[in-house]
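Read from first to last, the chains carry the letters A, B, C, D and E; within each, the first residue is number 1.
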């Protein structure tokens, strides 16, 4: 008889793989957002998807994942385009543009909840988007081998999505490296050289948006936003070149994923007698990495600012 | 004891022979415990003070689910975050029962509601149907357990007793005052069963936010029908109820705060029966406008 | 209008009018740069020198008139033009090294897709041009005396060093027309001399250089032609002949009232 | 009672509401939101000029961890043995009701700590305001979620709804809230008027402000504290969405209309109040619309209209200016002699 | 150390060492500005001129040595000092006019609390100094030739005009010591002359002017003293005597190896 699959395999393997993949990808893409002064865009997307969800719900009448995902993606894309347009054409300061867009879209969502049928459905629409790390467990049937085709089929779907996003992001960053560096650094120059900076930035934004929304679905929005911003911020303090910055950011992201998950599932039971929320723990770990980095840099070198 | 915390981490502490049954809400857990009567180990995921709408599972909870032989949950979206999980737990060969959905299957109450309102436990008459359902499911798991039907009948009877308690209590409220104003729409089944008009300030969904017009019409209602009391709910912010009281007071009608009702979780009441009794007597006392009669009822 | 011949001026503006708000800052400017010559644009602060260049490369909208490059629009000719603005509106905190900035001027076509952090041998496999690009970058940095600073982040350079890096990028572009807005601002005298001779060499090789310049004393030494601008074109022609005392006084000393289009503009 | 009817009727009722005959609660909310809009518009302008528009959002997110910790502390205090272990083990007897004041104090402390952390990062490291805001906001929100999952283990005290408990909704404002908003608006108006020049100098060029002897740190702290106060008071009275929107959207709108800081602050405060009044009154006459969301959407509509039509920075205004310019230039060029140009002395 | 007398030099650095990273960019610089004189700091790009001024005013940390102003620290003396950095790192889109920028230099004490958006008469009531401040602002703008642009937002000025506004702010400060980092970069010749004579007048009135300057040819004409810097102090003294061909060559032409401190710096 096959021994029952270990708790690690059932409960931890897939969430751990997912959080490391996602953390790596999000921190990688987030490092470019930070350079563009758009660190808050993840937060904006998390708030902006509500109208997309309500509209998708009203159109399809169901909470099935596929339409919800499309609705969320559409709303998030709209939000990022609107933010880009406001900064560029109305010359609104980027942070303020983010604030205007996400509060507006969220308010629109709340209004739609009230005026369409959604008010009478007992659900938090955002729970559709608040996936949880722990829930990516691997439901291997009792007595079945984990490596049978059937068991492998049961690997959580988001794991595959995240692996795809990881591959696409790494590929895009590798091959778009110079283009990204040039367009993010000096847009007018690249434009004058006949490149299409708008296209490059657009592609980056599209990739980021879809990764973020896919990760919302799998991991929940808290974790996504934290991983999008904290590791790049920490890496920014420790590096001087773009390559080192982006690479360190991704590595710090993955470490935050690992540490946070380990604390939530192994450390917390020892300290307080039970597991705690892994997404929250990973986000807090990312924050602690940043806090530690900031303390170290401030204590080591009290330079006010490099420019000027 | 409440199994959500310590028991899950060391699965070695489990009694080896017993089957494990996991329930989501306390309302279900109470019935399952009563029907199982010690023949199975029963765990409840949401403690009595946990809001099911916002419950977020940790690894311990998933471990409990995956170690279970049978899982009871409410359904109709009450356990919003967990619903996709239930499907995957089922995939791994674990038996799952959606209690509220099963007892309402084909029921006119459901068509009435039109939409999936999960707060079925608010109507003890309906909720009593849970007992035989649980017995049947447990029977599949424990084929040799002869005591199940008997305990199910007892439980059923106890819950139906709540129903008559409620009828008597509500009957003491003057017809004109039979309007229940609460923070959110959890009392529809309750109201339908006992002939109370139910007005919620907020919709079913927690994402919904009451508007000013709705609030003012509620004030109008309170003043016009001279309704004596409104109620807090333990899971929802108290602010909008306070605004109602203030609005009515400004128009010369004194509305009192009837007390705190438990809608989605038993809260400090601790279990389903206590919660319902608390709700019923609180409502009856407050809407009647005197407190002595309910003391007698208790 | 008459189609321009192949031998048209590398840079010409015709009846150019540019305005930011109601009042025009450039009025009816017609001027062209001679191919193979070094032309200076001089004029007091606020004369519209930067505006002229910015309008020509499409960064500021033109109200009327036009700017052409070899008879073509900027868009069609831009691969032959290197432009260094007066104030780079860039993020000085961006993690990019001096060499990487310069390399932006060299990279072409598919080379954009080759990441530069791969080991050297693998980059060789990917693109034969890589080694050439590297040596070009190095050469350009050396010409402005910044070879030692190739791997420094741009934000950790001094003001003059930053300016030199952007000049190196323009040099590396190997363009046929160089539009430089105050290229020597903040650059030390030694480097200024070196750069001038570099530009001179370019001009001798048939390229065209147009530079905004402030130091009236050495304009005649360094440039062939000059255009004196003060909202309108005050004078233009060979440097020595044009920069007379009278012209200078007219452009620099005379207070100039705003151009009075206001009545029509508000109508 | 006001109900939906024809468009005419709605319009008439809208005016009725605007003349303060929409009912007691409506009037309370009208005043409360207008005053909050005033305070937020004034304070938010300086936050925007300092590129710190989203500090309020970070404050609101960070408040969650404060609520959770305050709750835990409270539960531990009231557990019968007094020991944290006993409370965690579930041995405690039913606890007291959640004390809103304690929770709000927790929220305030955590939010203020977040604002301070953002200031620290911007000051002492090379991180920019937006990055620091995003990082602090998300990490502290994550810590809040993690702490809430500990709170769940504390039996005997009601943790239900803890994460939304301190957030209000515009429609449920009470008289006390309105008074609080009045005080806040007064403080904000005095603060921005009296410290107008120092605030502008610090926002524009803080190095210069420092070298010219202004107490830059104190000014920054005061502004941060005021933003925090507006956010805290606002989020518990009208909800997080509305207060964040009121701190940002009217300011961004006012920026489209103005070229100087004084008019910017004044316009922004006036817009905040106006959008509040319009939104609240509109939500009073339209059936089943959430008040806070309507105010936000009105503010957003004002922004969109301004982005298109504002004479200063609006898109259409820019286009029109260019077109007129073009026409004027053509006229001037065609005229004989040296028309339009009174420069005198240019020879061609 | 010995306490300095009341008559100490307005600006002095002693054994100043400054480093951004491991390698120091200023090594053991001891120099002081003579009161009532105009001193130029010259040196090639990257010599550490800006670093010297930034370290003195506390924007860059000092590794060892010290900078004093009349024997006091910068903090204690800052109300007597006007500093114009090489590059203002500000938001050019900020809604502030040229006059308002200049006024920042004038405002003192309680005047900071008088908002300038009130109607004129009410401001008069609030502070008697208001009218004087206004005329001072106007005067400063006039001295740099920017009076016509007083009400222009700072972002809508040309590069040289912006520089002039910041110079006007420094002039308006009526300080006793002026630290100017490349004040004339981008400023046209006419204005440069006017500004020089303004500074000269200040010096005659007993104020002290220290300016980083690039144009070696006119240093001797415009400044009394000069300090030649190239990581170390190469030479200093009266301008004419100090700026010999040899000194210039030593500072500008000789490539200078990085200071070989690595072993100590890392130790």
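Just so it is clear, a residue touches a chain if its C-beta (ideal position, glycine included) is under 8 Å from a C-beta of that chain, and two chains touch if they have at least 3 such contacts.
Only a predicted model underlies this, so the values are computations on that prediction, with no experimental measurement involved.
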What is the graph distance from chain B to chain C, where chains are linked when they touch? 2
Going by the stated contact rule, which chains contact chain B and chain D alike? A
In terms of C-beta pairs in contact, which two chains are most connected? A-D
From the C-alpha centre of chain C to that of chain E, how far is it in Å? 29
Averaged-CA centre spacing for the pair chain D and chain C, given as whole angstrom: 45
Using the average of all C-alpha atoms in each chain as its centre, how far is it in Å between chain A and chain E? 47
Could you state the distance in Å from the CA-based centre of chain D to that of chain E? 40
Can you list the chain E residues in contact with two or more other chains? 20, 59, 85, 87, 89
Multi-chain contacts in chain D: which residues touch at least two other chains? 51, 88-89, 126, 128, 145, 148-149, 153, 207, 255, 288-290, 292-294
Which residues of chain B are in contact with two or more other chains? 4-6, 54, 56, 58, 206, 208-209, 211
Help me check something: in the complex, which residues belonging to chain C touch chain A? 57, 59, 78-79, 81, 83, 85, 88-97, 100-101, 103-105, 107, 111-117, 153, 155-156, 169
Taking the complex as given, what residues does chain B use to touch chain D? 1-2, 4-6, 47-51, 54-56, 58, 201, 206, 208-217, 219-220, 234-240, 242-243, 246-247, 250-251, 260, 264-265, 267-268, 270
As the complex stands, chain A meets chain D at residues 34, 37-40, 42-43, 86, 89-100, 103-104, 106-108, 110-111, 114-115, 119, 222-223, 225-226, 228-230, 232-233, 236-237, 264, 268, 272-274, 276-277, 279-284, 286-288, 290, 294, 297-298, 302, 305-306, 308
Write out the stretch or stretches of chain A touching chain C in their complex. 35, 174-179, 181-182, 184-186, 188-190, 192-195, 236, 239-245, 306-307
Mind pulling up the chain C residues that touch chain E in the complex? 20-21, 43-47, 50-51, 86-87, 92, 149, 156-161, 164, 182, 185-191, 214-217, 252-253, 258
